[in-house]
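The structure is given below, and queries will be raised subsequently.
Just so it is clear, A, B, C and D label the chains in written order, and each chain counts residues from 1 on its own.
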Amino acid sequence: MELISKSEKINTSISIGEEELFNEQTCRIMAGPCAVESRDQIMFTADKLAEMGIKIFRAGSFKPRTNPYAFQGAHEQGLEWLEEVKKTYGMKIITETSDSTNFPLVEKTTDIIQIGAKAMYDYAILRMAGRSSKPVLLKRHFGATIDELFKMADYILTEGNKNIMFCERGIRTFETSSRFTLDLCGAAVIKNQSRIPLILDPSHSMGWSFGVPDIAKACVAFGCEGILIEVHHNPAEALCDKDQALDLKQFKELYDTMKAIGNAIGKEVK
Amino acid sequence: MELISKSEKINTSISIGEEELFNEQTCRIMAGPCAVESRDQIMFTADKLAEMGIKIFRAGSFKPRTNPYAFQGAHEQGLEWLEEVKKTYGMKIITETSDSTNFPLVEKTTDIIQIGAKAMYDYAILRMAGRSSKPVLLKRHFGATIDELFKMADYILTEGNKNIMFCERGIRTFETSSRFTLDLCGAAVIKNQSRIPLILDPSHSMGWSFGVPDIAKACVAFGCEGILIEVHHNPAEALCDKDQALDLKQFKELYDTMKAIGNAIGKEVK
Amino acid sequence: MELISKSEKINTSISIGEEELFNEQTCRIMAGPCAVESRDQIMFTADKLAEMGIKIFRAGSFKPRTNPYAFQGAHEQGLEWLEEVKKTYGMKIITETSDSTNFPLVEKTTDIIQIGAKAMYDYAILRMAGRSSKPVLLKRHFGATIDELFKMADYILTEGNKNIMFCERGIRTFETSSRFTLDLCGAAVIKNQSRIPLILDPSHSMGWSFGVPDIAKACVAFGCEGILIEVHHNPAEALCDKDQALDLKQFKELYDTMKAIGNAIGKEVK
Amino acid sequence: MELISKSEKINTSISIGEEELFNEQTCRIMAGPCAVESRDQIMFTADKLAEMGIKIFRAGSFKPRTNPYAFQGAHEQGLEWLEEVKKTYGMKIITETSDSTNFPLVEKTTDIIQIGAKAMYDYAILRMAGRSSKPVLLKRHFGATIDELFKMADYILTEGNKNIMFCERGIRTFETSSRFTLDLCGAAVIKNQSRIPLILDPSHSMGWSFGVPDIAKACVAFGCEGILIEVHHNPAEALCDKDQALDLKQFKELYDTMKAIGNAIGKEVK
């Protein structure tokens, strides 16, 4: 926790290219499907989200699924489609590296390197991310304490990368009626002990779309620097995590409410 | 879960006397100190909160402390002071029954019977509450599943009391940097499976005052029917749970922001 | 933890009548069905267990079931049948008080007052148990820390009862393939910090009979002072917790192996 | 869980060279220090353990420490000393790969590839292990369900390696008086659902040496195929996990008792 908690060592605002996308006055919405499934799916969804004003598109092309027989992602092909999203809509991309062997490929395409929860303890990935010039979003493992999250970030920081964001996406508890348990109390400790930008993920924590809007609204009011949220043009047909995706209409409605909540607490939701 | 989930069997709006205090359009703030400590403390705090517009005063007179050598509450004396708050300020009272032997005394004074987390499985108290004409706030035990909470409420309902509210006040998880872990995902399941009014408790879940305002704001945006929050005129000197109490100034500021968030989501915070 | 950890204040060996049944050289087996169902069931099972040499018969007559519509026990009638077991077979009885209203009845019949996990925080029961002349078995709540277990025992001790036993019966964790998680590591802390007799309950922790024998053997080798185990003459027909009960043949085989393990570690299993 | 649970697809006995070291009739003890610290430490400890009859020596040379500033292991140098243990004492070695970049080095020296708890979700390591001809010990992550453990093993199995062992080394729960919580109930589910050899680790689960012997005895009586235990010639000076290591005298005494327990349950401890 040593380095991370010293504010002068890390960046509290994060830019991609010329644009400052994360800072204390902003709650940045990163939206998109769980997985890259096809070129049509990606371009259609990006088009709709860009139209709403979303600047960062999320979608995984290497999916570290627990079940080895489940859909594992579109791989290199998917990254090419994400490049197309960048060119066509001017959106920034956040996509996940699932293990150290696909890190170089992912890093080349992505604007923000997402280290998934299961990879939070992957020392090979942490070191690679530490040597990258791109910002890193480090997801808290569902079995990790806040203290461990800080220490893993230190592995990145000691390699030189100061552009780190934390993401709380739910911890594993005895309550199984939701997929995970979003730990807002732990998030309050993160805010108290560091100035590192904090991202919250209502989709993975809740796991069921019926609860995602209320939790997303809570996340904005809590005062985080960003939200990672799953949106699919047709959740019933999604190849990955279909139970937790919002459809485009649900997301649009939520997005408007989130903006109003942002006004109430003095943060711009965008 | 059978009865509770059948909406016709329970009341979704709850009145005390003539006044409807809980309903789907309202987020009702119940504020006050953890414990009744002295007449001066109670009257001073109630005066300030009444002035702000708070209608329901919370304070425990029988404190079920884990440590048998800690302050155990002001008992009957405390209830008398709470009666004085009712008469002087016209506020309603919510106070806790800690075990079945003090139930009759507490019931006589209180406007809402609070069944604390540790008493959630106390069948003697549940039956007594079920036979009372007063509304009941049933707190979820920190080790209880949502399913168990519903079943314990059924014990109350089968005795005839239809005025039940649930309170999520944090569950116990592996994360110990906060006192408990507020389970908003579980709360979303409660909302989805029943129409019972839902109260959230940022103070007990967080356990540290630095995090209480952000979590309280999140609770309002989430869309609950009420919030239970600890306010002390001088937290440093509080006899019980002093680390989690807000002072009057902090609370006032929070209250104003909560009202603005309420407007953003279409609920009146009062 | 103050009083409990001071060995001179509590009894490390516990007698019932003239007979010392619990001490550091013994692992005492308490066996019987989860619930008293009928006179025939109780007398038949007691007869078989007495024949094997079991001295303490367990069975609940007030069953604190989570589901209010499930079988709630045989109540006073059940206690009468347990009296008959005492007279006919000379066995001692351990049976549970589920809430403070049935404490006096249970206390009259039972030789050991069992405070169930859900009643661990019931201050009314704790005080009543503290004033009783009978030994108390205090079960750890599935959401309670070791520290809380010690503090609840202090409530009993401060009322004067020095004959307390702890029972670890499984805590609630994220792993749901078993009913609960037997916490042997926590049990090791109990042994290290106090000399209070320690009882382990493989039946409730595991919840599935297939695992109970291996866990029961582990409990003996661990070095506890007693084991609480569910045995039913026909588990498939049991009215309560049928999945975790051993039948008489399975129990006999296990009992013999437990005796051999006892020899290996220098404790007499009986 | 598909493949793992089909017994014909995995090996239930595991040989290293000519020697069958793991099978259902054996409880194999793997002992040694947490970390390779120096040539003297390793050779001295191996000498003592070989003398007692221990056949498999454990010690980590790449230590995936949570704290980036803590001792990180002796690396290649340490592996050379482990080679010397093999040659001098004829012992087999089990040592850990902490991330995919050191897998090839570790694989060359070790007789059993240990995948540590934090690497359980590391798909790069799982695939490498699946292509190796050496047996793999897969430790359950402290936040992983049994179901996830089975699925991660499937990643190894689908690459062709049928010599897999599971290791339960404690899960993370709300109880923090021990380092982790050994999940014997979950282990019983593993035994019930597969015939894969099961190893238990009393040292990491307990975290405090005072509890390790009782838990190790419990593990033997439970009926596992092996035990991984930390032994240090001078625990007070250990560079890693010193609180949980037994000294040589404590281990010798425990080893003798474990053998006696093995006799009682019909397994040979060796």
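Operating definition for what follows: a contact is a pair of C-beta atoms (placed from the backbone, for glycine too) under 8 Å apart; a residue touches a chain by one contact, two chains touch by 3 or more.
Computed from a prediction, not measured in an experiment: that's the story for all the values here.
S.K.: Name whichever of C-D and B-D has more C-beta pairs touching across its two chains.
M.R.: C-D
S.K.: Report back the single chain whose CA centre is most distant from the CA centre of chain A.
M.R.: C
S.K.: In whole angstrom, what separates the CA-based centres of chain C and chain D?
M.R.: Each chain reduced to its C-alpha mean, chain C and chain D end up 34 Å apart.
S.K.: Taking the mean of the CA coordinates per chain, how far is chain B from chain D in Å?
M.R.: The answer is 49 Å.
S.K.: If I count partner chains per residue in chain A, which residues reach a count of at least 2?
M.R.: Each of 143, 172-174, 176 in chain A touches at least two other chains.
S.K.: Where on chain C is chain A touching in the complex?
M.R.: So the residues of chain C touching chain A come out as 172-174, 176.
S.K.: Can you tell me which positions in chain B touch chain A when the two form their complex?
M.R.: Residues 143, 145-147, 170-171, 173-186, 188-189, 191-192, 205-208, 210-211, 214-215, 217-223, 257, 260-261, 263-265.
S.K.: Can you name the residues of chain A that touch chain D in the complex?
M.R.: Against chain D, the touching part of chain A is residues 2, 64, 66-69, 98-101, 118-119, 121-124, 141-144, 148, 151-152, 154-155, 158, 172.
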